[in-house]
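The following pair of complexes shares a single chain, subunit A, combined with subunit B in the former and subunit C in the latter.
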Partner chain A sequence: MYLFVVRRLLMSIPTLIIVAVMIFCLVRALPGDAAIMMLGGNIDDEATLEMMRQQLGLDQPLPVQFVAWLRELFSGNLGISVLTGQPVGALLLDRFSVTATVVLLAMASALIVSVPLGLLAAHRHNSRTDYAIVVLTILKLSMPSFWVGLMLLVLFGAILGWLPTVGFVSLSQDFGLGVTYLILPVTSLALSEIAVMTRMMRAGSLEVMNRDYITHARAKGLPERQVLWRHVFPNAFAPTLTMVGIAMAGLLAGAAVTETVFTLPGLGKLLVDSIYGRDYPVLQGALLFIALIYVVTNLLIDIAYTFFDPKVRLT
Partner chain B sequence: MSELETGSATDLLAIENLEISFGPLAVVKGVNLTVKPGEVLAIVGESGSGKSMIGRSILGLLPAPGRVTAGRIGFGEHEITAPSSPDELRLLRGRSIGLIFQEPLSSLNPTMRIGEQMFEAMRLHTDLSEAQIRERAIDMLRQVRLDRPEALLNRYPHEFSGGMRQRIMIASVMMLQPKLLIADEPTTALDAVVQREVLDIMQDVARANETAVILISHDLAVVARYADRIAVMEQGVLVESGPTRGVLSQPQHAYTRKLLSAAQLGAPSPIEGSSGKPLLQVENLSVDFSEKTMFGLFGRKVHHAVRDVSLKIAPGEFVGLVGESGSGKSTIGRAICDLAPMVSGRVIFDGQELDRLSRSEEQTQRRRIRVVFQDPFSSLNPRMRIGRIIREGLRHDRSATRSERQRAVEEMLEAVGLTAEMADRFPHALSGGQRQRVAIARALIAKPDLIIADEPVSALDVTVQAQILALFKRLQADYGFACLFISHDLHIVEQLCARLYVLHKGRLMEEAPTPVLFAEPRHPYTRRLLSASPRLEQGKDGLQLAETELADNEGDTVDYFDALRADEPYRLVETDAGHRVAVRGYAEIAP
Partner chain C sequence: MKKNTRIFATLFAATVIGCAPAGAVMAQSVVHMALNADIRGTNPGVTRDGNTDIIHAQFVEGLVTYGKNFEVIPMLADSYDVSEDGLTYTFKLRHGVKFHNGEEMTAKEVEWSWNRLAGEASESHCKNYFNGENGLKVVSAKAIDDYTFEIKLDRPYAVFLATIARFDCGSMGVLHPDSVNADGSWNAPIGTGPYVMGEHLPGRYVELNRFADYVSRDEPMNGLGGGKHAEVDTLHFDIVSEGAVAKTALMAGDLDLVALDAMAASELKDQPGFKVDITQSAVWDTYLLNPNDPVLADVRIRQAMAHAIDPNQIMAAITEGFGKASPSPVPPMSKNFTEVEAEYPAYDVELAKTLMKEAGYNGEEIKILATRRNGAYYERALMAQAMLMDAGFNATLEVVEWGTQLEAYRTGEGYTMQSFSFSPRLHAGLSFEMFTGDDVRKAWQDPEAIALVQESLTTRDPERLQAIIDELSRRFNEQVPAIGLGHRMLFTGMSDRIEGFEDWGAGVLRGWMLRTSN
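Moving on to the complex of A and B:
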């Protein structure tokens, strides 16, 4: 297992280098000039502009720029934000911690709710409970998540006034206050995931429940609760887990819509801002970081898989 | 019904006037059955006869939406159809009534260790300590003749073969010492040698615990050996029941007689080919499957699926390839069609070595070979209509017009005993036997010279098996193709094949004309295969179970090759014309 992790991480290095090349090329292909943006837009003075370009290294040929960037990258230096002057590495970590808090909390609560709900729906297949669960999840799936977010804001923030509507306070700064800022974005994200995951879990469980080994478990005289949790759940959870992995990587890489709706200073918002601001160092760093998130999340999911499927060997 | 069964005080199980329905459809109608303590009752019938549903209803575990709509099931003091509390029934399960399924590959939970699966029911039903439970489990695994049971407990189901899983299953069910064991087609998925072994073990363990057994099966010949009484089901109705000997020798009901005659398969009628140049020659074929170990950096684990096999088929000849599962018989068939990678060897078809031909010539030759697979449920694309499935066999032929193809499809459908209207249906609307007819039509439409039939009747009911075999025979007379008939069942290949090859662990053990192989089998493995397949035979007082008890072979001191010791020197020697046997090293056989 240890060897497996090391090997997978080593294998991800070529992936990341290819991603780096693509990112670099794409970013340079963006229309607009970083130097102009730096100087505040309308600049006629060629000399100042030229000086700015020199300062940013933009006057060098592209391959030279790329090599310079890579060299800095390997020494752990992602550069300085053109817009704010902060080091990119620190900026990314700072923003990522916000996204990660929201996403991990949302995912955890979604799992806690949807796994039992999916099992219950399958257990009571074709009953009123099952129909209610199916209808509710479809209803939620057909609502855009930003709209649900906005409605939550309107109801709990504006009308009831129970929760703050704008901004973010870090948990380490003020835990109690921080939690109040987290509730709405976490709920909004979790609701979408619950809808998808409950349906996956229900479908997976229904399939497993037709298997002989479930009838065999019942024929042993096991109580239904034990049949569901010990026999149905581990077998039905694998497909849901795959989906959790994909969704998790996607969200960690920036839940841009949710972050915009709730004005959270997360990774997604940083990415969007850096695109508008032609903030090349931040944009490059953020994209590379996102690639890394995908690599790591997939690795974790593969490891988690072995707990649910003994046939999967990590080699 | 031959005799009216009435419940008595000594009955362990009493089923009275049982009716089971799925919605408006009754699948079991007015069935009466009793089982006495320690007795073995066989319920026999084709798929869809309702026999499995009776087994499930005794446990109160009918699949939804099935329900008992009339009648009663009494088990000892308990009313299964009207339990006093929901837990009454649940506590009977496992402890008093055990259940073993047909498919050992799917009846153990793949995500749970064997030990855990055995322990959990014990924890529920007994007050034994963990250590005692463990000891009982180990003892039980020993009783079903598994080696090193301590080590097995920590392993997962996928690490075992089908036969071993079924033994584990028996151990885990019998560990609770139930009074009644319901075995629903317990060995149908296993091949003859393993089937015999598993049933013997089940019988021994049941006898040791004085457990009554309900053995549900479609194969009369298999259950006849073990059952005290036989009950025959047809479309939900119990048509006949009585002591085994009586049912076999004096069947009362027409359906029983039909089942019995299907189980006998009739006299063999081998299909000889024409002499002269062979149609297919396989020379020294070997196929390896390799498994990467340790990231593929430190070599591979190689599994020799087929080793050094040579065989030939004459034009129009039916040749049988027999062996247990894992013997490599299907792999040979696949290698001939270029579906499995050959490591060495040559396939010569109609005088031409296929691998040496140019690509287009090779394709032309290969089109003359067609395949019929075992499982007609997965070999037909469920989203294609029957007509299109059969027409695909003609895809290579650009010259045929649309209407010509259509006519060919209709002709073919009629040739295999279906009707032309079926072309518009989808596979799911057909029965297993009908689907296999479609698969045969698809193979035959291009008028091939060779058909490779990979267990073409193993997935079918006994009565249907006989029909499909008869169909093969009739079609061969009409179209004149040769066939490599792959099967694990010696009695099936005996029906049609002129010559047989016996395969064990990838190597040929014996090759002989069919009558010779049955009359004078030489190799110990062939003898074991023969004695493991029971059949019914016409005796002096009606039908009886024919056990091919072979005469002791103690006089035979030949040093035969043992496939379990694979790396020893191996050689095939000819004893008679066309009869060759595998021996070790340079051992000789006096003709």
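Moving on to the complex of A and C:
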């Protein structure tokens, strides 16, 4: 496994270089002048604009800007945010820690709920329980996440007054208080994932339940619970795991909507702000970081396959 | 979230996870507010945007500032004199003004602060207002004695004081030299304002703490100047980019004061426990017409468009009936706003159709550019499109991101008309100057109008200034370089425990006026 991990990481280097080139080109292709955004939209003064372009290095030809960025990148320096003056590397890690906390808790919660729910729905296929689960998941999938988040805020923040509606306290800062700030965003994200994963788990389980080895397990008199957990679950979970990997990478790359609704200082919010503010160093750094997240997440999912599917070998 | 339930929730969470309870200790006299985006820094006049300027205005002050009706009034200066030739400005400084580090302000710090922003090595965009890049050049700026500061200009410039009072320059704020490190890099602001910069957690919140040793002027509060008697210990600004979330937080009691949109203000104004402040600002919402578009070359087409759009209907719709049209670029609260500025092309669809026919309009595309940014840019554009189509124009609407729209504005390409806004210009001449000139982005390129605008910025005769502004207003209505809509309404919702809040035309928060009832 060690060799596999090292090889995969080495293989990701050319991928990241190609991504870096694409990121630089795409970011520079964005319409709009970063210097104008830096000046808060004040473009009455061409001399000031020119001064700002010089400060940002935007007066240089694109190849020169690219080489300068790459040189800094290889020396481990992602640059300085032109919006806030903070080092981009530190900024990304700070924001990623917020996103990762919310996403990992949400995914864990979603798995805990959706796996048994999907198995149950499959086990009671075409029963009222199955219909109820299917209808509820479709209902949730039909709701925009922005609206669900807002409704959670209104209910638990404004009406019941149980949980805070704005702000963020990290767990390391104050664990107890931090938990209260995490409950709503984690719930909001988890609800979305529960809907998707439950349907995935249900479909996978239904397919597995029709296999001969399940009929055989039942015929030899195994209790239904054992049939479900020992035989159906491991075989049905592999496709769900793929889904988990894709969803996890996507969410770690920034759950921008959730972060905006719950005023979380996460990676997604940072990315959106950097696009609107034309904060090139942050935008480029964040996109590269997101590419890295996808590489690492996919690697971890590939490793996780070996635990659920004995046919998979890491070579 | 209410305080008792917050503590309950904290205790509950801590119990559930088996940890010692960590109660939230709420400081007394804190006002929680929302900023829709994080500040860009703490360096007045250098790291700035609209939100950042608001925070800076709480801790930094300049020699002069703007009064309620946009008149320039002394702030750190006790008084000022202008020489007969208009070239020398002499500021007599107030005695006993304290910096946040306890040291007394003298002309030495004023000179240092001036050079920090206006000097050659300055990183501030403000230096270009004074170094000749835009015409005016400050020949010298120096301390004469401990309490006298003198600035000499290369030419008379009527809006010089208004320029140094600009919000985006932090009013050319006076700071203590210890605000920068030994190598000249920025450290932290040591100003003279009623609040001291507190903690700033990027992306999360900004805090300002009351400056206990603040020495106030004796006069009543006036705009950003006059007496400042801060009572609230801490001003806490959470970064909340979504208006709906800010409103929910206000209703939950987590925020005390937030900017609202018209619909939210309408919903909240009659609810017990809340108050809503509605104030007309000097932000000019308008439709800019592209002078480089051949479709608009015939003045009759522009006039037809002006007659086809009803600013009253649009203003009523986007403000839920709280606002009314004020199409002149000169804001109604300006002393130069008279009955001449109150006039504008009447809504008359038949007249519009006649003018279109006379001009030979043949269905050419009128491409309206708009963005979904706060400020009802999109809604304004949508309604204008419907009205133009009603009159027979082939109006299309393209919605773009703000940066893209600004680029179109700067280059004068990619649009026929755009839903646009101009931030407050606190001198009537500047209200026209913002869209008048020979640059491609300027909507009004008439040489006579340009000459009049330039004269308005140099004349020191109030009667002549009024005559120029009236003449510009008449020409504006005849030539229609832009179709004015109104001056934006500002809606602020607050808990009824907040007292003393009053918005004003410039829309810059004055934290020192806030009081809490418990």
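The rule is short, and it goes like this: the second predicted complex is superposed on the first by the 301 of 315 C-alpha atoms of A that agree within 3 Å, B and C clash if a C-alpha of one lies under 4 Å from a C-alpha of the other, contacts with A are read in each partner's own complex, and residues count from 1 in each chain.
Operating definition for what follows: a contact is a pair of C-beta atoms (placed from the backbone, for glycine too) under 8 Å apart; a residue touches a chain by one contact, two chains touch by 3 or more.
It should be emphasised that the depicted structure is a prediction, and the values quoted were computed from it without experimental measurement.
**Student:** Which one hits more subunit A residues, subunit B or subunit C?
**Tutor:** Touching more residues of subunit A than the other partner does is C.
**Student:** After superposition on the shared chain, which partner residues are touched by A:T263: those of subunit B (first), subunit C (second), both, or neither?
**Tutor:** In the superposition, A:T263 contacts subunit C only.
**Student:** Figure out whether A:R7 sits in contact with subunit B (first) or subunit C (second), or with both, or with neither.
**Tutor:** Touch status of A:R7: first partner only.
**Student:** Using the superposition on chain A described above, determine whether A:R230 touches subunit B (first), subunit C (second), both, or neither.
**Tutor:** In the superposition, A:R230 touches subunit B alone.
**Student:** After the superposition on A, what does A:A219 contact: first (subunit B), second (subunit C), both or neither?
**Tutor:** A:A219: touches subunit B, not subunit C.
**Student:** Tell me the contact category for A:A158 with respect to subunit B and subunit C: first, second, both or neither.
**Tutor:** A:A158 contacts subunit C only, not subunit B.
**Student:** Let me test your reading of the model: by the given contact rule, A:H123 touches which partner, first (subunit B), second (subunit C), both or neither?
**Tutor:** neither
**Student:** Now for A:G85: first (subunit B), second (subunit C), both, or neither, which partner does it touch?
**Tutor:** second
**Student:** Contacts for A:R202 in the overlay, against subunit B (first) and subunit C (second): which applies, first, second, both or neither?
**Tutor:** After superposing on A, A:R202 lies clear of both subunit B and subunit C.
**Student:** Subunit A touches which residues of subunit B in the complex?
**Tutor:** That would be residues 56, 59, 61, 63-64, 90-95, 97-99, 101-103, 106-112, 120-121, 124-125, 156, 158, 169, 292-295 of subunit B.
**Student:** Applying the document's contact rule, which stretches of subunit A touch subunit C when the two form their complex?
**Tutor:** Those residues of subunit A that touch subunit C are 30-33, 36-37, 39-48, 51-52, 55, 83-86, 91, 95, 150, 153-154, 157-158, 160-168, 174-177, 179-180, 183, 260-263, 265, 269-270, 273, 276, 278.
**Student:** Okay, in this complex, where on subunit C does subunit A touch?
**Tutor:** 1-2, 5-6, 8-11, 13-14, 16-17, 19-22, 24, 34, 37-38, 40-41, 47-50, 52, 123, 125, 128-129, 133-134, 168, 201-205, 238-242, 244-246, 248-249, 251-255, 400-404, 406-407, 409-410, 434, 439, 441
**Student:** If you look only at subunit A, which of its residues touch subunit B in the complex?
**Tutor:** Going by the criterion above, the answer is residues 3, 7, 125-126, 210-213, 215-223, 226, 230-231, 234-235, 308-311, 315.
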